[in-house]
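You will see two complexes here that share chain A, one where it goes with chain B and one where it goes with chain C.
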Partner chain A sequence: MAKFGFYFDASACSGCKTCQIACQDKNDLPVGIRFRRIYEICGATWRQDDQNTWVPEIAAYNISVACNHCEDAPCVKACPTQAMYKDDNGIVAVDPKKCIGCRYCEWACPYGAPQYNKKLGIMQKCDLCRDYLADGKVPVCLSSCPMRALDFGPLDELQKRYGNQTTLYPLPDGDLVGAGWVIKSHPAETKAKELSARIINPEEVKNG
Partner chain B sequence: MARQNRRDFIRNSVVAGGIALSAPVWIEKAFGIEAGMAVASHIPRDGWVNLGCPAHNCGGRCLLKVLVRDGVITRIETDSREKDTAADPQLRACLRGRSYRKRQYHPDRLQYPLLRTGRRGEGQFKRISWDEAYDLMASKMLEIKEQYGNEAFHVPYGTGSYSHLNGRWPAARLINLFGGSLDYYNSYSWAAISKATPTVYGTGVCGNQRQDWLNSKYILMWGWNPAEMRDGTNSEYFLKLARQNGARVVCIDPRMTLSAVALADEWIPIRPGTDTAMMSAMAYIMIREGLVDREFIQTHCIGFDKTQMPKGLENEESYTDYILGNRDGIPKTPVWAAKITGVPAATITRIAREFGTIKPAMLYQGYGMQRRAYGEQPVRGGCVLASITGNIGIPGGWASGIALQPGGGPFWSIFPTGINPVKAKIPVFLWTEAILRGPELTEKEGLIGVDKLSTGLKFIWAVASNILINQHSNTNRTAEILRNEDLVKFIVVQDQFLTSSAMFADLVLPACTHFETWGLEDGWKYGEEVFVMPQIVEPYGESQSDFAICAGLAKKLGLAEAFTEQLDERGWTKRLWDEFRQLRFPELPDFEEFLKSNQGVYTVPVEHPEISFADFRRDPEKHPLKTPSGKIEIFSEQLFRMDQPVEIPPIPKYIQEWESPFGPEADSYPLQAIGPHYMSRVHSTHDNIDWLQSAFPQRLFINSVDAQTRGIEDGDEVTAFNHRGQIHLPCRVTPRIMPGVVSIPQGSWSHFGKDGLDEQKNVNTLVSERWTPLAFGNAQHTIMVEVKKR
Partner chain C sequence: MADNTLPLVIFTLLVQFSVGIVTVYGLFLLFPHFRSKNEIPRRFKWILIVSSAAALVGVAASFMHLGNPLSSYRAVANLGSSRLSLEIFTVLIYLGSLLALTVLQFVIPYPQRHHHWLTILTLIAGIVVIYVMATVYLLPTRPAWNSIFTPIGFYLTTLLTGSALLLLFQINSGSWSSQKALAIIIIAISTLHLVVLPFYMTWLGEANDATRASLEVVLKNQLTLFLLGIVAMGLTASCGLWALFSIKSCMIKNRYLFIPSIAAFIFAWAAVIIDRVQFYLHGVSVGGF
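Right after this comes the complex of A and B.
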């Protein structure tokens, strides 16, 4: 029983969304359901000077998030029917037979991972492509990235290779929920905090 | 039979470690596919097939791994070769390739030949048979040939299908056998850059193989955005590797692009169309501060200063004269440039010092800046900056300009289109002028091969081309020209969808996708590989390959044998594959064996990247350039002799554009609009794909400063307009674009309302049809507009 996780390198992510589409293709997802989402973070002020030039104070980067299969998964706790569960490999998954589509898990999750499928009336989410894992393959998003900004593996190995960072502004503290991923920050993160950067593409990540 | 297929599939899947899947409901619904449909014997077994991604005019050429089940594509993955090295990287497809099932099984795909019933452009059609379609097309061709001759025919530029066998090439071959057609030269992508680069270097082959980027220490990403337009599969990844090797990357661009975010250490916003002003000011600093490579200039260049002007032109203005303002009294200082470019003088000075001192350095220019009013100038300007800093012919350097890779290839197409008996050629962008006033065109409009044309264009056969309406400038004007049936007598559009160009056809021919026929592709601009594209599923409806359509027509015209040479698509693919062995890859395996191997792509690792001009660098006397002087021509005598110093100066100069924030047009239309490539499309291809639309919706991007003064909020529906038309679309208010500039991604399909005017989201509705002075190229990003809340 291994605990698997993702590594995400924000400094290399261009926000091209190939991972999102690869996931939609693999899982046959309709528009509006994204097991992996790309949040565009941006903060800026623009200043004009006497030469009629424009100078930005700007910070921008992307965060590609699927599900972090948290140790202390709030979605599992929030689920009133035990439809949301953790399997033997620590993968958080939905049992479609038990799910009643109340969406409590969606509200509980700090990452927007559980996605409501209107047509089916149930929640769906990233299961780390566990069918692929069983076959010795990696999750489809990982191998799609043109920038090689994603990695995957047993969490302890990822931590050895990449460190223990689980939080990236403006996401909540990953340690609070035992988020099972490792992140590398974009160099603009500090400036983003100073500029109170926010998610500027809400309609591109909204479930529905 | 069907049951056996399925069992085989599952067995194969288990061996291959794949998963058995059923076709998704949306595919079955759209295509009326019944589970277990029999497949033709020549189509591969169920299972995973490796093949080239359908070839459109993106900058990438990638490997797809496609899961076929019972004759239906059920999943698309990408290159998973075990090794992923800089010398031989995985060729990973982008979101467009990954979403291809949505295009393949789109409910709007054309199934049958269509004949126009309403007025041209209204979009009223009825279904006809292939036999009727061929009869009609052949009779119209013969009739128009009889009345006007072959100069009346045109197979326009079109890059919607770009494999070696599919797209416009077979049509060009057939029309050549038929007596020829008015040909074109140049492209909508690279008009100014392909014309201007050789004026400096005598060639466009002036790039290095990309593995060499890892040797660079400083990279100016000037209007270059490989993460969005790709510009070669893996170009963005090579930049990541270059940075890991210690290169500093600075992005100069009106937009903070995806590339600026992921690949650059710094973003410098610049006003569109003013790049040559910043380049000139950088040269000013480098000259003043002694940061130019004097020795290299002395031995390898001409025209830098008065000591090295061409013979007899000693008194003409040299580059240094222009930069220092010796003749015009305007030193091109950073303060001068700041007012024009919007980049602070201190920033220009700093970047000049960085570029002048960090070695080796690359100035990689994108192509957007040359699709502008005086697009030739920044091309020559970039080449000159690369030259005077001595970054030519060395590892880690870069000559700028079009930078085609050395070593021969990629080829784009080696399908033999034959010889065109019509000798006349027009610049690709001027086809509307050839319709309106063909016989009046002269060399002043770039006509070559003849002094005069005998006729205007009367027959247009657009294959895989949305140029007729969508991708040409000034959409409303173009539509008006095409609506006039006295001008062009017959229009055929051959495509997979009823595109906005197809709406203006008299006859629409349904072409199948690349998955439904055979083909080959090699790299787009870079790369050492060739892909095979076997047919993996049956054509949709009655659609046929471009080759088969042409073969069918050839039969009606009595040209069948000459056209096909008795080969089908597979036979031609094999022949072209074998030619690749002769032309480029001597070790290329046998075609049949390669197919059996299911590798999809043959690659040659690049361990020692080739550097353009290395010989010239070493010994300029022994290895002169192909320029008239044999040297790098900072001053071009050829351009001087054209005697149009204001618009075609012999040295690169900043010229205010004909639509500019500094001109009177800015009173009414104060915002500069640019139409960049967009992630959700390749030009206009993929515009109708819902996954892509939801990932990157068509929008107008506007800076918060400009939005605020117009009372516009994020997500509002806005109208962008000028005297040519208006378009309506939602907006994104973002700090990631310079104030004074709006971005309206190009390629969104036009749709004409009751008043006959384009009312959709196509930026080309707002664009002038005026062409650039030297290359006769499209200046489609030079646009002034106003934006208001709708």
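Right after this comes the complex of A and C.
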């Protein structure tokens, strides 16, 4: 079976969060649980130009992240009950009957994908809208994106079309876990690194 | 602090305390010149009760961090790849061995050969538990935890809390040599804690962005807690020193040991609790996600 993945174009994303809301709506998620999160990255400083004028230097962009259904999924390896598993399509999913809510997968995931549902006492996460896929539809985050910053398909096809980049500052190195997605950088990425840009909406993307 | 952190603080500290008691107790068994002949039967069976109680309360606390504790029996289903599964499995082996040893101490009087073997088995199981417990936190996605400092910290906590309790049990009844040995262990471990700390902080500042973010959490958000931890550990070492001098001045039945050994125990616990709370608070994920 083909292994599916997402493509994310950081240069196209406006940070409108429609994908996040559409996902929450489709999955009927309570407040505080986001299978897809928009991280607002921003770094800024002042620089003195040739004429001794202080000018602002800013690098800002958004990153839309859901589960990357990693090749070497650390959450699957970490799960003590085997509730976190990979299906034939490479989709990482949670078996709610087996999950004990220990949250070890949350620690192991570099993208913050597994989300703890306090009410149910178990972990939940993006399953690439498997029910939609079965009906021949695409994941809801993709169809809702007004900027067409997201794409979806068999990973090898995405790689042929968009390349092999899996890392975007300040995301962790995709090779760390064999992240199953493809990214297009934002032009401000290099400046963001220079400015040590940070996530500026940590409270908003926090689970819980 | 996250909702599930407090039970983990209690679980890790109490299990380490329990293992610490067994470890120091085991060392006294293996090196008899540090104790008098009658010390083991008179005192140590009560020490094992404390160790067992600590381990049981610790394990009970670990259930509190689960969202669905009724299914916790499934937690040993992934021994092949999950360190958490392995941790639970080794804790269960250790607990079984410790409870058997504790019961045996009361049923069959010491010394018996099987006491010795079961003590050594429990001691080894305990040392393995602490190692496996440390590996649970050796996650590439949590760089501040993913270093040699995690197992070092866990083993130091184990020995410090264990020896602090044993010194308490030795007031007015232990031999001069065992009291002295315990005071020296307390001084050495608490000093080592303080010596390792600057190396850890330096490493945090140099390793990568995530560890630097962790360092920032410690120095900006938790500075008061951090300083309190250092003070508590320093006071533990000082009380150990005080205890050592009290032993020297009084030689045998040591009533002067009372205050320094209680103070050392309290400060040691204050220091390790602060240290563990900080451990969980500053484990920033790679990329800050």
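Just so it is clear, the second predicted complex is superposed on the first by the 199 of 208 C-alpha atoms of A that agree within 3 Å, B and C clash if a C-alpha of one lies under 4 Å from a C-alpha of the other, contacts with A are read in each partner's own complex, and residues count from 1 in each chain.
As a convention for this text, a contact is a pair of C-beta atoms (placed from the backbone, for glycine too) under 8 Å apart; a residue touches a chain by one contact, two chains touch by 3 or more.
All figures in this text were calculated on a predicted structure; none of them were measured in a lab.
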If chain A is used to align the two complexes, do chain B and chain C fit next to each other or clash?
fit
Report the partner of chain A that touches more of its residues: chain B or chain C.
B
For A:R103, select first, second, both or neither according to whether it touches chain B, chain C, the two together, or no partner.
second
Chain B versus chain C as contact partner of A:P170, first or second or both or neither
second
Could you read off the angle at the CA centre of chain A, spanning the centres of chain B and chain C, to the nearest 10°?
130
By the touch definition at the top of the document, which applies to A:S143: first (chain B), second (chain C), both, or neither?
first
Which superposed partner A:T81 touches (first chain B, second chain C, both, neither):
second
Does chain B (first) or chain C (second) touch A:I199, or do both, or does neither?
second
Once you lay one complex on the other using chain A, what is the shortest C-alpha distance from chain B to chain C, in Å?
12
For the complex, give me every residue of chain C touching chain A.
2-4, 65-69, 71-72, 74-78, 81-85, 88, 136, 139-142, 209, 283, 285-289
Residues of chain A that touch chain C when the two form their complex
39, 65, 74, 76-83, 97-104, 107-112, 116-118, 120-123, 170-172, 176, 196, 198-199, 202, 208
Touching residues on chain A, where the partner in the complex is chain B:
11-18, 20-22, 24-26, 28, 30-32, 42-46, 48-49, 51-56, 58, 60-62, 131-132, 135-137, 140, 143-148, 186-187, 200, 203-204
Under the definition above, what is the set of chain B residues touching chain A in their complex?
17-19, 24, 26, 75-78, 80, 84, 92-95, 98-99, 101, 227-228, 233-234, 236-237, 240, 256, 258-259, 261-263, 265, 267, 269, 335, 338-339, 341-345, 347, 679, 690-697, 703-705, 714-715, 734-736, 738-740
